[in-house]
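There are two complexes below, and they share chain A, which is joined by chain B in the first and by chain C in the second.
Now for the complex of A and B:
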């Protein structure tokens, strides 16, 4: 089963039914792959014992029942900012290095109920603040594509999850997406990355970054697997008051889905000045393909170019508020000082947070100062409404479109050395340009790999749709996936090298 | 000289490729970048020492180095690029779920008996309590006494 990294959930379930494969065997292969690719630094914690116990239970269920659960015997991994009972959850920060949750995130409970097996907790930028998975106390994750000494970043902040799926250590993975943290690494690692509608998937147990924008995201090798995973994790949750209250209707992907009546919008503002020509050509390529099958229209989302600056204000404000929970008393790092409470707080927080987290706390508290509150924070929230209204207008106004097609990132995966020459804010300002507007408006978006650049690296595009349009979004994504036939990562080469 | 000319050539090839693709297919993807609404000509913000001290007290984090102040100024400069955009009569958007009401919990005990769990992750506990050092001592008083900033800089 060397082809492990290209097998879909349906293939694996067929193999289970035909008894040519069993869950224990699949989990062993995933763990073996994870160990052989340690250099890529996808995982913070591997959980072989948990995975084995879960796979044995799958085997028992397989013997007693003909009907398989949605994710029966499927390996998953979780970004290390989702709480897992008795499994260390670090957010890749010194602050939570010693933190072992006593409860499970809803998403993990649901995955377990669906029969999934947890192979590990994956790497991220500290507290998910970044777009490269380069700012982790466990070191950067590395992109498996064209891997050599001069390696490329995985994208971020959920880079570990993207690497785990693209390198075959896990069939699917969960990340979080605040400004593009799922779609961005999925795009750079050549896999599918789905950011659902805000509130469709519970955030209970997801350690928050920006409460008003955070969404759990899905990584998979193909659109079908992403749809199956979404069907397992979506729906209202009493433990998260910001989940959408109406019942979730499972998504079905239809082989003969008809797109001829659709109108796909091409928002012109997504062509920004730092976009690489290869990305534009890739965008043109798929636009032309679609134009043969359905209607394609130019549309305008006028406030796109300011979205990234608005996002950065709101992000820092919510971060300043969210991070105030870390004081060293109840959990996490506690500095060795006892003179006063404030001194303990300040020393703990200076030791526990990296400079990116600290600078966002300062920025947020500056924007929230009494004299700045209206000037920056309220202004940003008003602009957020204009950005959100832009989407409202293209989806519901005159000449409305059903979905939007844009690039996901501005270029293929940058070299680690080039990327780290910029500071975190500039990195995010470039990397999140196309992705964060969807978070501002709370709408669903999916990144799908399209073709390889001349450097032999994945180029991906993004589809966005109105709130709760996941079924349409995924069906059209599947159509594009079939049209472009993106290659599977050849992994034997990497394994032989070592 | 050679760098400039190669950049020019690249630019020309770029335009050529884009125009070529465009005319051939009549593609809907715009051929040139759309101008940004961000304003340039933003004066460099300057954060004075009192503001730094205030932010340190509010944030309960230390700036540590001058680099930290520079990053803050940079981030304010970035934010200032969008302040000129007209938002008269626009209501702030706090949450994208503004059209749905928050559900109320039933007034009943649903959790409990988890004292052990709650205390489990604390580094120091005493008789089932969290432990904090003495309160009511403002941060900057301490710093003058102990010059922590210097200690921190030495550590880094």
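Now for the complex of A and C:
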């Protein structure tokens, strides 16, 4: 049992072929784990019936066909901002608490087609606005590492998905990543978090935060599993006009991948003052390891420090716009008032959204006013271009590098009590510092766990590459994964506590 | 009658006021929304139709269900480009979409996707002729510049039940494709505005871009009106919405100009507001819910990449439309049709305008002129007799069921003087809504004209016998009484004699 939760997708498939395991059994164990770890609050909705039906169909296919898709019989969970037909999709908000979509997000359709089994919908910050998975109407998700009464946050906003994978309730999970929402909780929970190139994976059915930056993300226990999942979900989609039109070439992870000709860049601006010494040491540790295998150079991304402010403006503008559909008329919460249409809107929206959402709507509408548009929105867009150009320059200019190596977060997982002492906005500014520029530029990035801090908590690093460099990115991540030999979370840690 | 009177009154009024102050000038600019004739909506696969079962042509996207995304309908771009080219616009190689935000129950997303910053096309022109029978003696040429043409979504429809204090929303129209055509304010009065709209309707119909049915809201006109004293700066403008017909455009604009003039002459101020045309009461009234100046908080639509078109070659791909290929599809436009009518058939300009203004009549005319016939007579038959009969029966000429074959026979009979125009109208009445042959009807009813001189001579003699006094008067030199005699002849023969032949014969007989 304990061993199973460390199995990779290929291990599981070998067990399926050897008949030492079957999909139904795997799903049962995942659901069992989810039920035993309820306290971690990874899930908003468990979907045992769906998972069982899907796993039975997998079993039939296992018996009848020889060549199986690698996701066949693999448990998966979705962040609760991906629409799933006949399964409620709440965005962890009162506004959508009663919302059951009549359609499937493209990503879920693809996973189902590949034979994956949905165990549940996972917790998030309301409408994905946050970096801790603490602002959910269903309460915060808890980090399974060093779990005790003084527990740590899971990171966010896709914290539920990260917890589900790290605690063994699901083999892989899907999150969304707008400013780091996949990589940040992956880093804090000690698993792999992949943010693909913008447009590589369809957003159809993902309830948006910032349309121009949102990307579905992948959580997995290892780089191989992340690559397998990406191969399933990537590719053009007629239903999302922003997907990259050319056909997707599946990524292959090579055991003997040669990195000796690579040049890895270390951007000096990522050394920020709030970064913990342990994180810096961890970064140095991997840099030293890599220097023995390939070239490592110091590079500059001069606009990094403005990224957070720019992100804050663009985020709020799109939020103000995207949220204007929640008026209580067609779906979702409708306040009990009939004085006037305006009154109905106002009451519905004030009951439906938390303070974080409401303040972002407020800010965004201010930035978009006729007299402010040029001063804020347009300027922010210009700066976004400069940030994006920074990456363009280090990847293509003189002394170009192939990939960039940075920390993912500024520290290990904060205590819930410490984290909530600061407000949502300040926390986002802090937590997203290293992850958010990749969203500005639309480039792929991956967070990989490296070692444990003195608190016995995961410390992770991030690799970023040019647009559509996923193959290189994942192969190098795999190399680092092999070098650092990050420990698996001992589930007993959690059980012993209880 | 009423308009003639008003016209005279205005003329007098102008003359009077110019003695104390400089003349008033009015400036009118139009914004026209035309629904595109496509199977599906602008960004969704839902059916684009008028009069469907309530809330039955609504996709998830049209209802703004979270997570859905817009996918641009290629056909809409083609029709938009076709219209832009017909108005000599500069089609933009790259155009973009914007969100325009406002809260309204029939706007489910809380924003409309439009093209505010970089529209599909700019800088066009529409040339038209202004001629309203009874207002203008002769047609004159006018043109209005087009500032931009943009693609955008239509909204749904709200229905308010005052008694139940309920609002109901129908989203069938939500997301339907529109082009908005923004004209420069270069018109002078309501008649010019109406003539522009009429020409616009004709053009979009010819192009197959829009049904042009104003009564269904397929083409909607907003008019911006402001006035000034000659040489002075323009006063504040007002916008008139909800104009549902071509004549409505003329009346609404005229009303608004008069209203502004009287407000200013009485020392008042014009406020920048949106007014609604009340077609029944024939007045413009302020629209209450639009009084507050809106800030639409425009923002680029992040879910749609820029729209690119190929301006130079005929290479057409799934994602990039070839503009030259669309340019090949432009049919003959109304202005050319009018010029041809004048050139080839020697018609007077006002006749040409009236014919082209009614596409059904224009088609009839072209069909009837396949035989060698007197064009003016054919045109008159259509514009006077056919239209009169249809109007009497309250039938729209475009829904006229009379076939070309029927008209062909009828025209032959009229031009060959087998029947006169009175009979012609009676025949038209008989053939509406059926396939009967006019020959057969005339035959059956015994309506054909008597041209046989023998019979006419006999009838004349009978009239002479009955009216010896008049005959004597004529022969004494009072030749005027010929007309009285002819009148009696026409009456006694039940209107069935060819009177041109009859008058010759009668005159000859009297001179004997």
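Basically, the second predicted complex is superposed on the first by the 497 of 498 C-alpha atoms of A that agree within 3 Å, B and C clash if a C-alpha of one lies under 4 Å from a C-alpha of the other, contacts with A are read in each partner's own complex, and residues count from 1 in each chain.
Following the convention adopted for this analysis, contacts are C-beta pairs under 8 Å (C-beta built on N, C-alpha and C of every residue); 3 or more make two chains touch, one makes a residue touch a chain.
Just so we're clear, the structure is a prediction, and the values are computed from it rather than from any experiment.
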Which superposed partner A:329 touches (first chain B, second chain C, both, neither): both
Greater chain A contact set [chain C / chain B]: B
First, second, both or neither for A:99, with chain B first and chain C second: both
Touching partner for A:241 - first (chain B), second (chain C), both, neither: both
Which superposed partner A:86 touches (first chain B, second chain C, both, neither): neither
First, second, both or neither for A:379, with chain B first and chain C second: first
Partner chain(s) touched by A:321 [first = chain B, second = chain C, both, neither]: second
Touched partner set for A:399, first chain B, second chain C, both or neither: neither
Partner chain(s) touched by A:206 [first = chain B, second = chain C, both, neither]: second
Which superposed partner A:370 touches (first chain B, second chain C, both, neither): second
Contacts on chain A seen with chain B and repeated with chain C across the two complexes: 99, 102-103, 212, 238, 241-242, 245, 320, 324, 327, 329-331, 338, 341-342, 345, 365, 369
Residues of chain B that touch chain A when the two form their complex: 14, 17-18, 21-22, 25, 27-30, 32-38, 47, 51, 54-56, 58-64, 67-68, 71-72, 74-76, 78-79, 81-83, 85, 87, 90-97, 100, 102-103, 105, 114, 117-118, 120-124, 130-139, 142, 146, 148, 152
Chain C-touching residues of chain A, taken from the complex the two chains share: 82-83, 89, 91, 96, 99, 101-103, 105, 203-208, 210-212, 238-242, 245, 317-318, 320-321, 323-325, 327, 329-331, 338, 341-342, 345, 365, 368-370, 373, 377
Residue ranges of chain C in contact with chain A within the complex: 60, 63-72, 99, 101, 103, 105, 108-111, 165, 167, 169, 295, 297-299, 302-305, 319
Chain A residues touching chain B - in the complex, by the definition given at the top: 98-100, 102-103, 198-199, 212, 238, 241-242, 244-245, 266, 268-269, 271-273, 275, 277, 280-281, 283-284, 287-288, 291, 296-298, 302-303, 305-306, 309-310, 312-313, 316, 320, 324, 327-334, 337-347, 349-350, 353, 355, 358-359, 361-363, 365-367, 369, 375-376, 378-386, 388, 423, 425, 429, 441-442, 467
